[in-house]
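After this come two complexes, each holding chain A, first together with chain B and then together with chain C.
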Partner chain A sequence: MSWFGLVRSGLWRRPGRTLLTTFSVASAFLLIGLFGPVLMVFEGRGETSEGNRLIVQPRHSTTDFLPVNHAMVISKLPGVRDVSYQTWFGGTFRDGENSFARWAVPDSFFPLHPEIIVSPDTLELMATTRTGAIVGRRTAELFGLKVGDRVALVPDIWSNKDMNAWEFDVVGIFDGGNSSVDLTAMYINYAFFDEYRAWGTGLVSYINADVDVGHSAGEIVDRIDSSFANSSDETNTSTERDFALGFAQQLGDIGLMISVILGSVLFTMALVTANTIAHGMHERMAEFAVLRAMGFQRLATQALVAGESLALVLLGAVPGLIGSALLLGLGRDFVPQLAGITIGFPTLAAAAGIVLCIGLLAACHPVLRLKRLKLVDELRKL
Partner chain B sequence: MFRRIVRVALINVSTLRTRLGSSAVVVVGIAGVVFVLTALFAMANGLRETMQSSGEADRVLLLGKGSRSEINGSITRDQAAIIAGLPGISATRALDGGNKPLVSPEIYLTVNLSRRDDHNRAGLPLRGVSEAALRVRPEVSITQGRLSTAGQFEVIVGEAAARTFEGLQVGDHISLKGVTFTVVGHFGAYGRATESEAWLDVNVMANAFNRATMNTIRARLDSPQSLDVVTAAILGDKRLANTVFRESDFYNEQAESSTRLMTIVGITVGIIMSFGAIATALNSLYAAVSTRTREIAILRAIGFSATPIVISVLIEAMLMALIGGVLGAAMGWMIFDGIDMTSIGGAYSQVAFRFSVQPELLFAGVLLSLVIGFIGGLLPAVRAARLSVVDGLKSVA
Partner chain C sequence: MTEILVDVQHVVKRYRRGTHVISVLNELNVQIPRKEFVAFMGPSGSGKSTLLNLIGGLDRPDQGHVIVDGADIAVLADRQLTAWRAAFVGFVFQAYNLMPSLSAEQNVALPLLLTRLGSAEIRRRALTALDIVGLFDRAKHRPTELSGGQEQRVAIARAIVSDPQLLICDEPTGGLDRKTADEILSLLELLNRDLAKTIVMVTHDPKAASHAGRVLHMDKGLMIEQGQTGEGVSQ
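On to the complex of A and B.
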C-alpha cells in the first residue's frame, strides 16, 4: 500500500468522524473565504481596483464638489494621459428604496474605464442622444429595463430648470470586465445634465485621471494636489485602490471586528482538528507499532500522521473556500459594496498557510507520541 | 423514572472527566460562536441605541423636495420663512412680547478631517446654524469654552467629534476651503448623534462653502400629534415641496439602514459558526457514546429503559453547551461592553457610539448555545438508545 493509500485508509477508518470534522473545518474556511478578502481590502491589498488610475476629490469633503475647470488644468499636467470626470446624480427611482448609483459622465469616461464593457454602437448612441442613459446589467435585470425604456428620476440634489422629474432614455446595458465594476450603476450624459440642472453648473464630484507610462502614480498625485494647494478648491488625489480603501476605513474599525471573528474561528478550528487527530491516533498507536514492526521507519509513521492531519484540513478547506466564492458571487448581485471583493491570490495564499499551520499543529501531539512509542508495550495490547 | 434519569445523568457527568479533551473542544467551539455573535450584535446595538436616542417625537425635519437625507436638497430662505409660520409649529414668547418660532434652518455638509486613532481622513458633519438651533434642541449645552459668535469664523464641536478627530480641542484652528476656523467651545448632547457634529454660524458657512440655500430645517411641534397638521399645510402651499420626517422616525430609519449590514453579517456568521459547532458537538458526543457502549449496555441489561439514557446524553450535551454559552457571553460582555467606536452614520459622516451588551443579548447567546447542544446531542442520544445490549456487553471497553 502506498503512502497515499495509507493516509486515505486512515481517514476512512471512521468516516463519520472524518466527515463531521471536515464539516467543522469547512465552516471555518467558509468564514475565512468570506472575510479574508474584506480584510485584504482594509489592509490596502485589494485585488481588482486600478492602481494606476487616479481619483481627484475635494480635499475638504467627500460629498462636496470640484469645479470642472480643474479637469482641464489636470489634463495639461505632464505625466497625465487622459482625464474624465463624474458627478453624483442621486435622485430617487420608483418608490425611493432603489438606491443604485447614478452618475453624470462625459463621453471621455468610458475610454478611461475599459472594464465597463459597453458596445461601440451604444457609445455612439449615447453621444448623440442627449437624454441617453447606460444601465448596469444587474439593475436592468432587477427592474426589467431594456433599450428604449424611459427612466424617470425624482431629484434630491439636482433640481432641473423646470423643477420636475428628470427623464432619461435607456440606450444600452453595460457588463463588467472584472468584479470591481458596479453593475447596479447607471450613467447619464454630463452635457445634458449640466445644461439642465437648476444650480451648480460646472460642478463635478470626482475627476478621473490616467497616469502616463514612465511616471509613477505617487508623483502625479503630488503634482495634481500641489497645483491646487492654497486655493479655495484644494484637491485630494488618490489611486482608485487607496480611494476604495478610504471608503472602507470610514466604516470604523471593521478590521478589528473581522480579526475577532477570524481569530475565534481559527482558534476553534485548530482545537477541533487537533482533537480529532489526537483521538484517532490514540486508538491507533498499536497499529503504528505493527507498521514499525513491519519495518516502517519512525519518520515514515510520523509523516503518515502529518499527512492525515493535513489531508483532513485540506478536505474541509476546499469545499469551504468554494462555498465562500459562491456566496460572495451571490452577495455581489445584491450588495454593491461587495464589488471588487473576490477570493484572489492573497486570500488563497493565506488559506494555504492556514491549512499548513493547523494541519501541522494538530499533528504535533501524536507525532511526539510516536517518537516515544514503545513497540513492545503497544504490541502487547493487541 | 425521574430518579433513574437523574442517576444516569449523574453517572454520565461524573465520567466527563475522562473525556475532558473532546468535551473542552465542544465548550470552546460553542463559546467561540457566542463570543463572536455577542461582539457583532453589541456593535449593531450600540449604533442603533445612539441613533434611536437622537430623535424626539415632537420635532420634525423638513428636507428639500424628494430628499431623504440632510445632506441633499435645497430650501430657499423664503421657503424657510414660510415654514416658520405654518400651523402646528411651536413658538416661544420672546422678551419683547412677540413670538419666536422654534424653527432652525440649517446647512449640513460633511468635511474630511483626520481621525485620531488611525490618522485616516473621515467625514465630520458640519452644521451651519443660527441661535434658533439651541432653542429647538434643549439637550445641547456647552461643556467647555463658549458658544460661537454670529458672523465669526468660529466653530463649536460636539464632545464625541472632539474625541474622534484630531485638532478639535478648544483653541485649535481648522482650515477648510481656504478659510481658517477657530474651535471656541465643546458641546454635549447626552450621547446623541448630535455630539458627533460641529456647528458654526449659518451665514459664515453659506459664504465659505458657496451655498445659496439651506439643506435642512429642524422645528419643534406644538405636540407630537401636530405632524399631520404640518404635513397638510406643506401639501396645501404651492411654494413648498418639502419632505417631512418626524425626527424620531428619521433617526430610527437611519438606525435601521446603518445597522442592516452589521445584522446581515452577524446572522451569516452566526449560522455558519453554529453549523460548525454542531458538527463538533456531534463528533464529540458520538465518541462519548461509543466509549460508554458497555456501560450503557449494562444499564439496559439491569432494567433501565432507553429514555433515561437518551436524556442523559442530551443533558451532557446541553451542559457542555451551557458552559460554553455562558463563557462566550461573559467574555463578550467583559471585553466589548462600553467600547467606544465610530462608524458611518449617514452621508459619509462619522458617528460615535458605544458597544452595548444588553441582558437580552447575553440571554439570546446562551439560548443559542443550548439549541446547538440539543441538536448536537440528539443523534448520538438516539444511537445510544438503539445500541444492542448483547453487542454492547460483548464489546470490551
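On to the complex of A and C.
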C-alpha cells in the first residue's frame, strides 16, 4: 500500500466514470495536439530568422509582380544589409494531386535564409546547373526523389518559350534548421526560369531584405515603401512575422479560429473533469472523514484529491497527445503542408501547463469542501 | 492501584441548532482505567456518542478536560490532535467504512501510510493484523467480496494495525446478526484480554454491553449508573 496506490484506488473506484472522463480528456488533448502546433506555426513562423527579415510585395495585390530592379534599388538603401527575391512557380507535378510549393530563386536567396540547410557543394551545383533544383527532404522522401533525378512540371502560370513542360534536375536535398522551414518546398534556378519563361521576364513575386544591425525594421519598411511611392509598382513591405500573420488573416484569421476552438475545448474539458472530481468526492466525503479520523492530516487528504484530479487529466492527456502525434505523422504522408508541424517542446510544455491548470482547477471545489469538513458531522452520517 | 488512561473532567458540550443551544454533556466526569473494556449505554441523545468523540479526539469540549495518558487532548491544535489520533487511537464504526476499491490487506494498511515504515514491513503488519482477526486468507478480497462480519473484522484489523492503546468502537455490532455480533464482541474481548487494548464502546444492545468489563449508563448528558458485568476485564 502506498500513497500512489491510494490515488489509483480513488480513480478506479468508479471505473466506468473514470474511463469516460479519460476519453473526453483524451479527445480534448488530441485536438490540442493537432491544433496547438498549427497555432504555433501561425504565430511563430517568421520569428525564427536571424535579425529582422522583411518581405516586399506589390502594394495592391499579392498576385501582382514587382520588377526585379526594385531589388537593386532596395539593396542600396541605408540600413539594408542583403537582398534577394523569389517568384512563385506553381505548375503541376505528376498527376496534379501533389501540391507543394515551388519557387524560382537566385543564389542570393540561400545566404539570406540560413535556416534552410543546404551544403556548399549543392549551392555550387545549383549555381552552375541551369536546370538545377533543390528539393525539401519531405518531398524527396514522399516522391522518392534523389540527386540526379529529373522533375517535369506542367506550367499553369509560367509557360516556357517552347510551350512544353518544364524539366529540372535535382542537384540537392535541403533540410530545415528549425520547424519553420517548409521541407515540402522545391527551389529552382531563377536565372534559367527567367530566361526561359514565355512572358514576364524580370518580374518577381517577393523581394526579401535583411535589415542591418543598428536599424529598426519599422524604419526600413517605411524607407522601402516611400522609395516606390507614386510609382507604377508601389510596394507593401512587412516583417516576415507580420507577413505570415497577414497571410493567415486573409484566410479568415485561422489563428483566432484555432484559439477559439482550443479555448472551447479546454473550457469544456475543465467542466467535465471538475464535474467528475466533484461527484466522486461528494460520494466519498465520508471516506475522507474516516481517513481524517485515522490520523490523516487535512492537507494530506487535500493532496490526495489534487493528486487524483491531476492523475485523471494526465491519464487522458498522454494518450490524447500520442494520438495526435500519430495522426500528424500519418497526415504528413498524405498532406505535405503538414511538414514542419510537429508536437515539439512548446506544445508539450503548453500541454503540461494545461494538465496542471485543469487538474488543480477541478480539484478546487472538493479541496475547499475538505477544508470545511466537520469530522463529527460527517461521521454521524455513516 | 488502577492506572487511569482516560480521565474526563467536568466536561461540558453544547450544540447550536438554529437559535437553540442544546446541552449534550453537563459537567460530566468519567475515568477509564488502562486495559479496561467499558461500554456506554443510553437512549438516543444521551450524549454517549458525543463522549466517544471527545475521548477519541474527534471533537473538543466547550469546557472541561479530556486527559488521555496524562495529556489534555482538548487543548491540542488540529494538527497535533490529528497526529495524536494516528498514534494513540483506533476507530471501529458501525458501517465498517472500508475503501471499496482496496483489498482487505490494503484497507488494513491504510493507517501505516502515516508511518515511516517500508512497504514490506507495512504489508507484514497488515497481514499480522488480519491474522489476529482470523482473515489472513481473505487478504486479497475486496470489501464487496466479504460478509458484514468479515468487513467488521477487517475494520478491527485496521484499527489495531498501528498498535494503538485505545480502541473506540461506535456501535460495532449495530448492523450484524446475533451470531456474527457475538463473534465480533468476542474478538474485542480477546483484544482487550490478550493485547491489553483499552476499549471504549458505545452500544444500544445490552447483550453487546455484557461483553464489556464495565457498563456505564448515560442519560441527558449525565452518568446515571454503572456496574461491573464481570466479563472482559483483564485486570
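The criterion applied here is as follows: the second predicted complex is superposed on the first by the 249 of 382 C-alpha atoms of A that agree within 3 Å, B and C clash if a C-alpha of one lies under 4 Å from a C-alpha of the other, contacts with A are read in each partner's own complex, and residues count from 1 in each chain.
By our rule, a residue touches a chain if its C-beta (ideal position, glycine included) is under 8 Å from a C-beta of that chain, and two chains touch if they have at least 3 such contacts.
These numbers were taken from a predicted model, which means no experiment stands behind them.
Asker: Output check: A:Ser264 vs chain B and chain C. Expected answer is one of first, second, both, neither. What do you get?
Answerer: A:Ser264 contacts chain B only, not chain C.
Asker: Could you tell me if A:Leu379 is touching chain B, chain C, both of them or neither one (first, second, both, neither)?
Answerer: A:Leu379 contacts chain C only, not chain B.
Asker: In the overlaid three-chain picture, which partner chain does A:Phe296 touch, first (chain B) or second (chain C), both, or neither?
Answerer: After superposing on A, A:Phe296 lies in contact with chain C but is clear of chain B.
Asker: Name the contact category of A:Glu234: first (chain B only), second (chain C only), both, or neither.
Answerer: In the superposition, A:Glu234 touches chain B alone.
Asker: Of chain B and chain C, which one touches more of chain A's residues?
Answerer: Larger number of chain A residues touched: B.
Asker: Scan A:Glu287 for contacts with chain B and chain C and give back first, second, both or neither.
Answerer: A:Glu287: touches chain C, not chain B.
Asker: Tell me, which parts of chain A touch chain C in their complex?
Answerer: For this pair, the touching residues of chain A are 1-3, 5-6, 9-10, 12-13, 286-287, 290-298, 375-376, 379-380, 382.
Asker: Touching chain A in the complex: which residues of chain B?
Answerer: 21-22, 24-25, 28-29, 32, 35-36, 39-40, 43, 64-69, 71-74, 109-112, 117-118, 120-123, 176-179, 209, 212-213, 261, 268-269, 272-273, 275-277, 279-280, 282-284, 286-287, 341-344, 347-348, 350
Asker: If you look only at chain C, which of its residues touch chain A in the complex?
Answerer: Going through chain C, the ones touching chain A are 49, 53, 56, 58-59, 78-79, 82-87, 91, 93-95, 97, 99-102, 105-106, 109-114, 119, 122-123, 126, 158.
Asker: Which bits of chain A are touching chain B when the two form their complex?
Answerer: Chain A residues touching chain B: 16-17, 20-21, 23-24, 26-28, 30-31, 34, 59-64, 90-92, 96, 154-157, 159, 199, 230-234, 236, 246, 249-253, 257, 260-261, 264-265, 267-269, 271-272, 275-276, 278-279, 335, 337.
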